[in-house]
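First subunit A sits with subunit B, and in the next complex the same chain sits with subunit C.
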Partner chain A sequence: MIEQLLFLVCAGAAMAGAVGAAVVRNLFHAALLLGLCLLGTAGLYLFLQQSYLACLQVVVYLGGVLVLVLFATLFSADVRGAVQRTPVWLRAVGGLGALLAAGIAVQLARAVVAHGKNLLPSRRDPENTPDAIGGADAIGDLLVGSWLVPFLLAGFLLTVALVAAVATVRRFRRPLEASRG
Partner chain B sequence: MDEFGPHDLASYLLVAVVLFCAGVLAVATRRNAIGVLIGLELMLNAAALQFAAYGHFRALPNDSQGQTAAVFVLVVAAAEAAVALALLFAVYRTSKDIDLEQTQELGS
Partner chain C sequence: MTGLGYAVDAVAVWLSGSPAPGWIAVTVAVLLVWVAPLLAIIFPVAALGQIVERKVAAAIQRRHGPNSASLEGPLRFGFRVLLCFLPRATQDRAFQRFLKLPVVRSLLPILQKLGIGQLAADGIKMLGKEDIVPRGADGAVFRLAPYLALTGAFLPFCVVPFAHHLVMLEVSVGALYVIAVSGVTVLALLMAGWGSGNKFSMLGGMRAVAQLVSYEIPVGLAVAGVVLWSGTMDLHAIVAQQYRPGVFTFVGWNLVQSPFLAMLAGVFFLAGLAECQRTPFDMAEAESELVSGFNTEYSGLRWGMFALAEYTEMLLIGALFATLFLGGYQSPIGEQWIVGLHPLLATLLHLGIFAVKFLASLFLMVWIRWTLPRYRVDQVMRLCWLTLVPICLVAVFGLAVQLVLAGGTEAGTAYGRLAALPRPALGVLGHLLGWAVPVLLLGVLVRIARRRHGGMHPALRQLTGGGS
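Coming up: the complex of A and B.
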């Protein structure tokens, strides 16, 4: 009973935060609602018995990405959304696109659940009880095992992203310095 | 779906669909670049949640493939956020605002 209640709280926080982040006019509030959504998703990971993933979600998303987004709101001249109104036709088109995406996603999920191999629609007593740190060692084994190439590619992607971020910012500093000097 | 609860795959998938649709709505309707960035994060989060849910509800013992895929989604999201912040910074330096309708160029 209390498990059901906690699940409802987590799922409700995730969904309410997501919808709020999409429609709230104030960008700072939207970023905070994104944080609520990410926190609710971390709770759902706990229900999936993936506590390592939940910790990663809190550290990487809430500690890293959300702080970056909150920092980025400082760049906006119109955080409150008073000037940049979205036209009504664009709202309608966006809602239509979201409904279309929902239809496609629901059909895909039904197809996967109906025809997926080794997939249980519901399970109450998982036989693979995870270890104390939520399957971190299993993930590590997979990362240096069958997932080695994606692992190396992810490292390469992070390096390229960092270098690209620094290069993008630096390229626009030089003309300013030249104009000053 | 017989019940909306923690032991049902469909309830997790429903949450993921709502998250993804909110992301699509934000990307389509926001005029500010930060709003679009928030929408992208929502969509990536929905994808990671689907990976984790499918991984948990597989009938194989000691299977962590879904979790590992979700970890990679997190890595991609972090890299995307870093690059997006650098781009926002570059746009802000040239035009002093990050309205996507007004922005014409990245730099001088």
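Coming up: the complex of A and C.
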């Protein structure tokens, strides 16, 4: 009962956010609505028992990507979307995208209708419950198991990026202090 | 079992009297376990933080601080509201009788001296103020931002263990959850800054976001170090992992387990201070240059929400510091006897110990605020990227090497009703490396500092009046 209500809230937030982000003219509002969509998706992950994935979604997308997007929108000359009109070719591309999304949605719906009963919790294979698939432990095992090399490469890349950020700041340190006298 | 955590399960079973509680019992249990503590404990404690701040500030400046606002007015107001169905004369008579109670008569002056009356008066004043939305503001974004800030400050408390099993939500990814949820504050500040339609607010919001995003890296790395050491992200398990039997329980605390963890603890506290935008890192609301930063345009209750969010975040940093590095709610001495006590008594003791721990860090934060001047905006960023992040990287690397040299884990001792957790078994080599490397590092740092500044930091030399 409560679970269904919460599910509807999360799904509704995700859908409303997605539609709003595409439709609203004000760029800042569109970015915030994108955030609502991402938050709703994180909530949906919780219903799949994927608390780790939900937390990561919030850290990476809400705390990182969305802030970047918001910063980027603030560089726009026309944040409120009051002046510029959308060009026709862009509208055409948007319509094409909408068609594509509708096709995917229909395919998904057909798949759910065809196999939906097997997805119910009562019919689930206990060996393959989501918790066993995507919990923090399972993801950790995968990362340092079969995906060890990509994981190490990604970790190495991130560390290099972090050290490079520090090095970049250091390079500007001397002249700044010199100019301060 | 409802899958909503031990506390909810226990309360729901107790309420319904059956092992499989219905949804009404579960709802009531959720309200009791999750919503009530938020509203009834954290909210007033965060408000009390303000009084602690003002009193400590007053003590540092040799003043008395708030001590004159009477509690009678707010109490009379409360009586009028509670007894609104009675005639005015009866209300007043009841109030006079209440005032003459010996407990009230002896307690009221003390509370007034402590400044509680000021708190009540401020609260009522804030409620009564006009809620102004500037003409150039983006109404919806402007109105929504304070709620989001408050949400980001309150939600992390869901996974902080206040005592044994006294935690609202037992999730296996608690540490990650805290970092994720408190990241929402960044959005709130950006919304407040942009929504105000004011250049000062915008600048303040941008500064706040730049600072928060930068300082999330040292905070995240410090938490990652603790997670690496404990082998779990569950805050409750992290506390249990710091348990050692014996008289001197504090030898198990993460702070003294490894010098690298001590380094991370220092970084966590400093970066946490920056995360809640306190002096010396309060560039976002530098009143001398930005009026009041992102909350310039806010008035009344909405401003109050931002203030409350700040104090709640201070409490959160204190609570997390205690949980991650100071053994959580465990007593420094003789924890094994407390575990053996009656559960209710043990819980109360643990609550008290936890409160002492995080009040101590609250006091430290206030002390810092009223002692140190504020950093310039570029200095804030430089401290993060050039000092804290490298220290974190070195410490996490050192921790990993130490763990590898330890070569394995030993079974810990079961803590209360929590199962034993494995913990790193450091050999002689691990301990030696653990203490030798930081000492060497410190030596090198001192050497570099000496060569650069000729013995003493220029600021220190100026302060002490010369000398090398």
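For the reader, a short list of remarks on this structure follows.
Everything below uses one rule, namely that the second predicted complex is superposed on the first by the 109 of 181 C-alpha atoms of A that agree within 3 Å, B and C clash if a C-alpha of one lies under 4 Å from a C-alpha of the other, contacts with A are read in each partner's own complex, and residues count from 1 in each chain.
Quick note on the criterion: a contact is a pair of C-beta atoms (placed from the backbone, for glycine too) under 8 Å apart; a residue touches a chain by one contact, two chains touch by 3 or more.
All of these numbers come straight from a predicted model, not from anything done at the bench.
Once chain A of one complex is fitted onto chain A of the other, the partner contacts of A:Leu62 are limited to subunit C, with no touch recorded for subunit B. When the two structures are aligned on the shared chain, A:Val166 is found in touch with subunit B and with subunit C.
Looking at the shared chain after the overlay, A:Ser76 reaches subunit B, while subunit C stays out of its contact range.
Within the superposed three-chain model, A:Ala154 lies in touch with subunit B and out of touch with subunit C [touch as defined at top].
In the overlay built on the shared chain, the residue A:Tyr52 is in contact with subunit B and with subunit C.
52, 56, 71, 135, 162, 165-166, 169, 176 are the residues of subunit A that lie in the contact sets of both subunit B and subunit C, per the superposition on chain A. The touching residues of subunit A, counted against subunit B in their complex, run 3-4, 7-8, 11, 14-15, 18-19, 21-23, 27, 30-31, 34, 37-38, 41, 44-45, 47-50, 52-53, 56-57, 60-61, 64-65, 68-69, 71-73, 75-78, 81, 84, 86, 90-91, 93-95, 97-99, 101-102, 105-106, 109, 112-113, 116, 118-124, 126-128, 135, 138-139, 142-143, 147, 150, 154, 157-158, 161-162, 164-166, 168-169, 171-172, 175-176. Interface residues of subunit A facing subunit C in the complex, by the touch rule stated above, are 1-2, 26, 28-29, 32, 35, 51-52, 55-56, 58-59, 62-63, 66-67, 70-71, 74, 135-136, 159, 162-163, 165-166, 169-170, 173, 176.
The touching residues of subunit B, counted against subunit A in their complex, run 2, 4-13, 15-26, 28-35, 37-39, 41-42, 45, 48-49, 52-65, 67-68, 70-72, 74-90, 92-94, 96-99, 101, 106-108.
Contacts from subunit C toward subunit A in the complex involve residues 23, 26-27, 138, 140-141, 171-173, 176-177, 179-181, 183-184, 186-187, 190-191, 194, 209, 213, 216-217, 233, 378, 381-382, 385-386, 389-390, 393.
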